[in-house]
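Once you've had a glance at the structure underneath, I'll fire off some questions.
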Amino acid sequence: MFLEVVRSQGLAHLSYIVGDQGAAAVIDPRRDCEIYRTLAYERGARITHIFETHRNEDYVIGSLDLSRKTGADIYHGEELPFAYGYPVTEGDVLRLGDVSLRVLKTPGHTYESISLVLADLSFGEDPVAVFTGDALFIGDAGRTDFFPDRAEEVAGLLYDSIFNKLLPLGDHVILYPAHGAGSVCGSGMASREFSTLGYERKHNPALQLADRSAFIRRKTGERHYQPPYFRRMEQYNLEGAPPLDLRVPEPLKPGDFARAMGEGMLAVDVRSAEAFAGAYIPGSLAIPLHMIPAFAGWLLPYDRDIGLVAHDHGSVETAVRYLARLGYDQVTSFLDGGLHQWEMSGSPYDSIPAVHAGNITARLDAQEPFTLLDVRTREEYEAGHLPGAVHVYVGELPHRLEDIPARRPVTTFCGSGERAIIAASILKRNGFEDVEDCLGSMAACSALGCPIEK
Amino acid sequence: MFLEVVRSQGLAHLSYIVGDQGAAAVIDPRRDCEIYRTLAYERGARITHIFETHRNEDYVIGSLDLSRKTGADIYHGEELPFAYGYPVTEGDVLRLGDVSLRVLKTPGHTYESISLVLADLSFGEDPVAVFTGDALFIGDAGRTDFFPDRAEEVAGLLYDSIFNKLLPLGDHVILYPAHGAGSVCGSGMASREFSTLGYERKHNPALQLADRSAFIRRKTGERHYQPPYFRRMEQYNLEGAPPLDLRVPEPLKPGDFARAMGEGMLAVDVRSAEAFAGAYIPGSLAIPLHMIPAFAGWLLPYDRDIGLVAHDHGSVETAVRYLARLGYDQVTSFLDGGLHQWEMSGSPYDSIPAVHAGNITARLDAQEPFTLLDVRTREEYEAGHLPGAVHVYVGELPHRLEDIPARRPVTTFCGSGERAIIAASILKRNGFEDVEDCLGSMAACSALGCPIEK
Amino acid sequence: MFLEVVRSQGLAHLSYIVGDQGAAAVIDPRRDCEIYRTLAYERGARITHIFETHRNEDYVIGSLDLSRKTGADIYHGEELPFAYGYPVTEGDVLRLGDVSLRVLKTPGHTYESISLVLADLSFGEDPVAVFTGDALFIGDAGRTDFFPDRAEEVAGLLYDSIFNKLLPLGDHVILYPAHGAGSVCGSGMASREFSTLGYERKHNPALQLADRSAFIRRKTGERHYQPPYFRRMEQYNLEGAPPLDLRVPEPLKPGDFARAMGEGMLAVDVRSAEAFAGAYIPGSLAIPLHMIPAFAGWLLPYDRDIGLVAHDHGSVETAVRYLARLGYDQVTSFLDGGLHQWEMSGSPYDSIPAVHAGNITARLDAQEPFTLLDVRTREEYEAGHLPGAVHVYVGELPHRLEDIPARRPVTTFCGSGERAIIAASILKRNGFEDVEDCLGSMAACSALGCPIEK
Amino acid sequence: MFLEVVRSQGLAHLSYIVGDQGAAAVIDPRRDCEIYRTLAYERGARITHIFETHRNEDYVIGSLDLSRKTGADIYHGEELPFAYGYPVTEGDVLRLGDVSLRVLKTPGHTYESISLVLADLSFGEDPVAVFTGDALFIGDAGRTDFFPDRAEEVAGLLYDSIFNKLLPLGDHVILYPAHGAGSVCGSGMASREFSTLGYERKHNPALQLADRSAFIRRKTGERHYQPPYFRRMEQYNLEGAPPLDLRVPEPLKPGDFARAMGEGMLAVDVRSAEAFAGAYIPGSLAIPLHMIPAFAGWLLPYDRDIGLVAHDHGSVETAVRYLARLGYDQVTSFLDGGLHQWEMSGSPYDSIPAVHAGNITARLDAQEPFTLLDVRTREEYEAGHLPGAVHVYVGELPHRLEDIPARRPVTTFCGSGERAIIAASILKRNGFEDVEDCLGSMAACSALGCPIEK
């Protein structure tokens, strides 16, 4: 028997392959799915089954691609009219050697959500682990904000799934959720990647409430963001996404890159916040490489070509992979030679001055006329912010530009300075002229003991 | 917080690195210890502490090497006079960020054995996992046969460690032992690599007995083999092994290889059983590559140069690594071009005819005069063997040659034919002339329905 | 400016990528063509042009696949009606940055053969290197046996191409041919992979003859083998081969593998000669892994599924790649767990006894009744063979079985014992019962000083 | 026979391994020498000989390390009292299988310089290639400025070596020099990495002069820089460098990194020019990663600890390797989490504003009071510079700070903006307050058609 976790960085997505005696099942495969075949191959197994714990909204699931390459069948909950695969229902059991996977319907996050209970038949039918999808995480419970007009109903369903179906499996059962810390699918997840139902029962904050009503109140009181790309993911994951084709984008010389921008290509700069601050192509959008999984879905359209500005070839490849996981298949080119070539070509570039947290405080004290734009989440903002800060979440900024005073200097601000560079690039693209970024931002303010309001 | 398992194939040894916020601890490092530094580096952590759950007897521990390269301190149980490191005792706690590791004395396998209880302080001091060393495995309990004159005492100690110290940590606690299936440190381990104290409490066969006395009876009734290299490992792991130097051995042409053999070098052939059967160098010892961790310690001396015969360069490197883990640092050369070059040089070679299980049965029926030499373990033999088979464990064969009738054909036999090729090579090295190997052996006999005695 | 050689092992095929300032051309790409894109990418270049020096007969050219993935145009000589690409003619010039590639028509090996003359325009138009395809090799000239009814004509054409077109480029010009030592496209190539026109003019044996007539006599007197797969390659390389799909074949359990063999699948055993000799599946064909490029095209049909028997997963992958280069896309499965699992399943296996060269001589002296079957090439045989040896080239053996006395023991024999194992497996598949392999063969005989006839 | 080139990026150093029939020689090995053993191993060869074409001054030669690991003997020219190895002289011949290497004394670059003439004995004793060390490059001849008081003598010696020893070997001989384009050992080398004596005889500009006197005039008229680390390299390469120990440096948190800087550690920032411009640690020195081989030897002392600021772990490793090749073994730490962590800690940082070439011109036109500091080489400066630019070579800047007006704004300027960022960081470290960097610099000026003086 073998079980391997496949982590997708940035998405904080966890998928699994489990098998025995030559057969294997994959749970919630990602779109660039070659890794599962490699793992199966190393273990001498064929992938015969693919499970989707639910229709995911935050990434393109790789079931169809993996099925095409392996012949494996796909299974999901029966409540949605998936255009492919087969429905499963409570109590269905798959056996692979001594592995048994039993379906448990655990609605709440979505109606069709299922969990899969793993038993090692060489030791008996008692469960040893459970794959919970987005129902139960380590340190948090799944989001229930996708059906706003039925908010209490689905929160109640999740309560029942957790307390009446999952926890009764036993304290000794290992928990394998579909996301870890950093995912947009929850906000309180532990950085630890291993836990049990018993440990969660005792220590998961979401499970420590008085009763079902308290749980429902907590869940309906949560405020989550829903990036616009969720709609595209839901469509892809219901109808089936197009096959993945991880192409090498074309290198373009500065002149050609500028021309392509002129013809509608969106330039996405995946370099570090500092490098963007130092020099960038006017009109380009900053999304530092590691932030693509969390922010591309807010900011990138699906109907425009994308051209990358990157530090090196490895970054180009990683960016292409990250974007493909979100269904962005139209990365057509990258700037050959990077910004250095751009500069040498004499093409125009711009900069974003960096402001130290200490200076921000000084300015505030001096009541200098400027907008301190805090682009963190509502929760972060409400947990503490600098006096006078204007709050607009970075993901919503492109649609709320009118909320920013136009002819005043703006200093963008976030938790550390990275979302702030994204925000700064958005402002610059939209005609704001005097824009600075507070590198260090809230973390630096905390370290320096700046005054903080709640 | 991060936790990674490092598996050493063949030894079925499991070591761990756990850390948080820039610091990390390694538990039971293997000798080729570069991998821990790589893992720490990827996580942005320094290795600051090394724990040895006990003085290992089945491999060279890498603590000293790792300590030299990182500056980390080494800790172990206080009952042995280790020549290096620091003693720890019950209740000692190490904190690395939000990771806490608490020492639990869990003697039985050895007197100085400790376990380490892991808590995630961001969720409280309740344990979430425990590193049990060789005290408790998944599906088995540790061996207690190393103090034969105090057998009941140590078995009782292990009972107390498991039932009064480990299990009371709670059903929800994840179990991280020092060995998995295939280790010489236990015989009933599950192939599954994940479990909890609760699952083991309910399903581990070694924990299902009536009471302490029954547990002691079971443990004292077990019969384990103690390969002779255990003595060397115990010495190394008490006094400190020499620094590892994974050298590339020297390629020798057939003539030079033969000359080195003449001067005392032991030729070890790590090719497959079939390839050895097809042609081998007279005087060489067969140990197929993947069997080195389990059998080299029985068969190889520490004071003779070793020359390898391998299928390719990759096999040479793997063999050198496997042997180094057992303290064999004297692999000086390999046969350049492999057996193919040897054959082309006109040098003499020999073969071991393969005999199908079906033929064995026919011979037995016909009462042909031959010795069927079963080299499996006592347990395997007693669980079922062919009629008339002579039993000598492969590890003990070099010292029990007088038990084999000298002038009669011998067919070596084991579970699948691989230990049988080792045995056949030992017999050939010792003057037996008419030796065959039953490729398939007991597995084939079972598949074919041969008559089996118990 | 950059230039990289890509070597394809076994085929001894040399292809090239050359480029400058962001653009690159590939000359004679192999079918698994990802490597050229990787090399171009590392150099910041796009592949814009692909040249075929001639229609190759010994492997599937990768032009079409590479063109599909890069958009590059394909160019070849104008004398054949290729179904794709564009014709080029004498004097056509391609310029990539400071690289210039000028077409030189160099017929002889085939009518449409071209060479490409490389100049570094930053130093002038004087040639610095030339890609000669199969016209001129290091140490040999191209084969001219493909038009047997116009043998003298094409040999004369090749003379003119070499002496009137290539050599006049100058002694200082570096030579980049399409094949190196070990290729079926020539027999006298140097093991050295670097040379110049000047060095070849002085030292290449094929160029040291008195005059054009002597050259023609030499070439028309050569006897080359034409493996049957050449026909398929010529068709593919004229009409365009199907797109490559390097699939992972399916692992089959012994029972399923046997069943597939029963239904027509050809089992190809790519293990070493010794391993095959030790134990093999009755009915399987031996082609040791590294011999696939040279011998698969003689022995494998294009219309049967192929199942592999291999030592490990890496060998399976390499075999699939090697076979795809020859157009064998129907490798559907491999034996899961290899021969070891086969043996354990109780399935029947057979062996090929190995005979030492010394024993052969003894048998010959004793006039024992057996057939010594020498399967080397005619040239090798005629250069020296054991007395009484029957000669049939291994590639022709399946069609010349009637030349082997049926009810007599056969010992297969070649240069080292490897082609002999292929031959032994062919005989066994065809009902010969008493077959042995002389591991070491001619090399061992030479080393031992056996009597040799010419 | 095999021959492989090993390129060391940045240094543009070319070393070679050549061998046959199980033995190999390495010519001018680099300090991180594991690659030669790997290459030899793959070819089934032992490294038995190491040649140094001369005492190198621009990198630490790896002969001693390689000799320690292989047992190979080291050979060099007889004119220097090397503390290790053996002297060779004109006509000495080494034979490895069919490879012969003959020593040719080719003084000029240094007195003890030798070349090695390669013949393929299977084709005769005629040379096929020559390893020329620093005597003859592709497109240039070696430097002769190391003996300024004997300038004409050594230039004449080099003329004799090239014209009377090397070129007479024949036009057909392939040239394998010790450096390629980008090396500090010459300034006119071709980007092409393949050539012959014949091509060089006809097209190498250094060989197109009227006679010996003209050659001597040309060479004595050249002006090369001699970075200060050359002294250390000469000492190491005469007496033997300490064994290489490529350690992983220690990650330091921002506070600890700052403390180490306070105690004397030199912070070297290897990020891109743009990232440094965006934000950097006050007191740190900028040397973008790929510029370390060319500039570290000018700017780094050998007696201070070095702490790295890098973009990622891969950059740390590369920097450590690059620095070790120049003998800098004291890289003790790197900033954990990079500049981002530094910013979040609230620690102070600074920026270097970037100025577009177009703005420079505008400022010059407007006669704004500022210093335009051109830090390119003398040759580059003299070939064309902006009006009013002050010239100080970047390598000499730390010792010529008094040449820069102190209280005036400074804009650093070079070929593309990268050396300018090094210069800007040097000025900032030395108290200059108003410093900007012209990203794009001369390349952008040329593209934009700025006015240029000569």
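A, B, C and D are the chain letters, set down in written order, and residue numbers restart from 1 in every chain.
Rule of thumb we're sticking to: a residue touches a chain if its C-beta (ideal position, glycine included) is under 8 Å from a C-beta of that chain, and two chains touch if they have at least 3 such contacts.
Predicted model only: the values in this text are computed from it and were never measured.
Simply put, of C-D and A-D, more C-beta pairs touch at A-D.
Farthest from chain D, judged by the mean position of CA atoms in each chain, is B. Chain A and chain C have Cα centroids lying 50 Å from one another.
Chain A and chain D have CA centres that are 44 Å apart. Not a single residue in chain C touches at least two other chains.
Across the complex, chain D is touched by residues 1-3, 20, 120, 122-124, 126, 128-129, 139, 170-174, 190-199, 201-203 of chain C.
For chain D in complex with chain A, the residues that touch the partner chain are 271-279, 311, 339-340, 343-346, 348-349, 351-354, 356-358, 416-418, 439-441, 443-448. Here chain C touches chain A in the complex through residues 22, 37, 41-42, 44-46, 248, 250-251, 253, 313, 336-337, going by the rule given at the top.
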